[in-house]
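Step one of this worksheet: look at the structure below.
Going in written order, the chains are labelled A, B, C and D, and every chain counts its residues from 1.
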Amino acid sequence: MSDERVVSHEARVSHETSFRVRYAETDQMGVVYYANYLVWMELGRAEYCRAAGIRYRDMEADGILLAVIEAHCRYLYPARYDQEIAVKTWVANAGRRAVEFEYEIRDAQSGRQLATGATKHMFLGTGMKTVKLPEKYWPLFGITAPI
Amino acid sequence: MSDERVVSHEARVSHETSFRVRYAETDQMGVVYYANYLVWMELGRAEYCRAAGIRYRDMEADGILLAVIEAHCRYLYPARYDQEIAVKTWVANAGRRAVEFEYEIRDAQSGRQLATGATKHMFLGTGMKTVKLPEKYWPLFGITAPI
Amino acid sequence: MSDERVVSHEARVSHETSFRVRYAETDQMGVVYYANYLVWMELGRAEYCRAAGIRYRDMEADGILLAVIEAHCRYLYPARYDQEIAVKTWVANAGRRAVEFEYEIRDAQSGRQLATGATKHMFLGTGMKTVKLPEKYWPLFGITAPI
Amino acid sequence: MSDERVVSHEARVSHETSFRVRYAETDQMGVVYYANYLVWMELGRAEYCRAAGIRYRDMEADGILLAVIEAHCRYLYPARYDQEIAVKTWVANAGRRAVEFEYEIRDAQSGRQLATGATKHMFLGTGMKTVKLPEKYWPLFGITAPI
């Protein structure tokens, strides 16, 4: 029995957060610059955690960092200045070593899909060393047992 | 005979550009914030084009936009403030409708690999409509014929 | 009688907007990177206009751009990740050629002042040429007459 | 005799650094977003220090932080994508508690002035407490004696 194996996330609990596109986020093409979608995914993660009762800043203060090891984004339709954006975030997979988030970015009014994304993270402790996620954080990521 | 099919890029011409990590690019984890790697890929693309004799700004002025439709980054080792970064960029695939770039991000001194990435782009013309890449730009992306 | 002279803004109408500090906005000092306060002032301006019944994006679509000609910020106390920030925005001075905004940035919970700022803007029309602000926008900036 | 008084900087040693405007730095107005000029001032400071033989990252590792307490920018002419920018940086005033930098931002080719700016910084030590600048760093800021 190893704690390395990934526990698949059964209950698809998701959280949605929304905000308006900032002028700073646009580029000369007149649409949102592509790297900013990753910032929006970060907002999605933070609000997903908050909705689950844990502030990411408290996790960091507690010595658990979520270091990104992979990020992906598919751009479907350009986002524009002042548009109200909704980011839906859920845990796609989680284990004691790593967690995978998925995202859906939509126009908050029409529901039109603008982008989809995914990020993978490792848990790091003090000194940026990999750590096993302490049990108290398991529910946050839908981990029920270290199979 | 269709111009829709993708012409695979035979000659792996690559270009390397380097720069230092800005303080603005770091975050409170003490390393470079993950979205900024996509900005570095943009620098890689611009310098790849310049090295091939075409300034991307001139292409845009000529009415050909490279709209990102997909981006991916694998983070291998954290980059830090003031570190000299080298981005190697090459065309992985290109056709008259779309092009795929790949990137390798290294520490410029030690050569240590920090990240790898890829972006896919569609060619857009005036009014953000998809267009076929004009023939004069084919050599830039290693397109030899619209097979 | 000249429309060049600046009409001082009598009624100090102000608007307050709030949001949380993004991880992307921090730097390795563990606090918000100083340039991001100018992004927050932009949010303040946009929400000031919206509260007054005019969306800045509609003004731009109408051919009136607010080009920044000066910006100033005094940093009093560092802002941190996930902190709830309140930006209070008001028009300090306005004329048909230019407008001056002032800002107060506070911790939304405690009310503690974090920064104060100011920006000056010129009105630009098509082709980035200076224009006189059309009369329909005067109330937005508290301009009552072109003295 | 007090070390609190500011020593005016006699020898106007300045340093110039240059780089190209990134696509990420533009906004939908087609020019560089105003907050990014403060990022360029940061680049100017870092290169000013490096030219004087001290890497800012080593100063931070040594426990001396330069915390911004004021920033100002006058925007004279818009900067555009891919333009080569030159930032000239010098110390306008320095004491053991604080230092003031000034900047001139130009088009590197034509020399056309695009912006001027200034930033004031306090020296902070461990725990973000104000400290007096250690003597070994005095030459960097042109401090000859704690008058």
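The definition used in the following text is that a residue touches a chain if its C-beta (ideal position, glycine included) is under 8 Å from a C-beta of that chain, and two chains touch if they have at least 3 such contacts.
These numbers were taken from a predicted model, which means no experiment stands behind them.
Novice: Which neighbours do subunit A and subunit B have in common?
Specialist: C, D
Novice: Averaging each chain's C-alpha atoms to get its centre, pick out the one most distant from subunit B.
Specialist: So the chain farthest away from subunit B turns out to be C.
Novice: Can you work out the whole-Å distance between the CA centroids of subunit B and subunit D?
Specialist: That gives a centre separation of 31 Å.
Novice: Distance from the CA centroid of subunit A to that of subunit D, rounded to the nearest Å?
Specialist: 35
Novice: Find the geometric centre of each of subunit C and subunit D from their Cα atoms only, then give the gap between the two centres in Å, rounded to an integer.
Specialist: About 25 Å, centre to centre.
Novice: Quick check on subunit D: which residues sit in contact with 2+ other chains?
Specialist: Only 23-24, 29, 35, 39, 42, 81 qualify.
Novice: Assign the assembly's chain-to-chain touch graph to one of these shapes: line, ring, star, complete, other.
Specialist: complete
Novice: In the complex, go through subunit A and note every residue touching subunit B.
Specialist: Within the complex, subunit A touches subunit B at residues 29, 34-36, 38-39, 42, 65, 67-75, 78, 119, 128.
Novice: For the complex, give me every residue of subunit C touching subunit A.
Specialist: 19-20, 22-24, 39, 42-43, 46, 55-57, 81-82
Novice: Where on subunit A does subunit D make contact in their complex?
Specialist: These residues of subunit A touch subunit D: 23-24, 26-31, 33, 35, 81.
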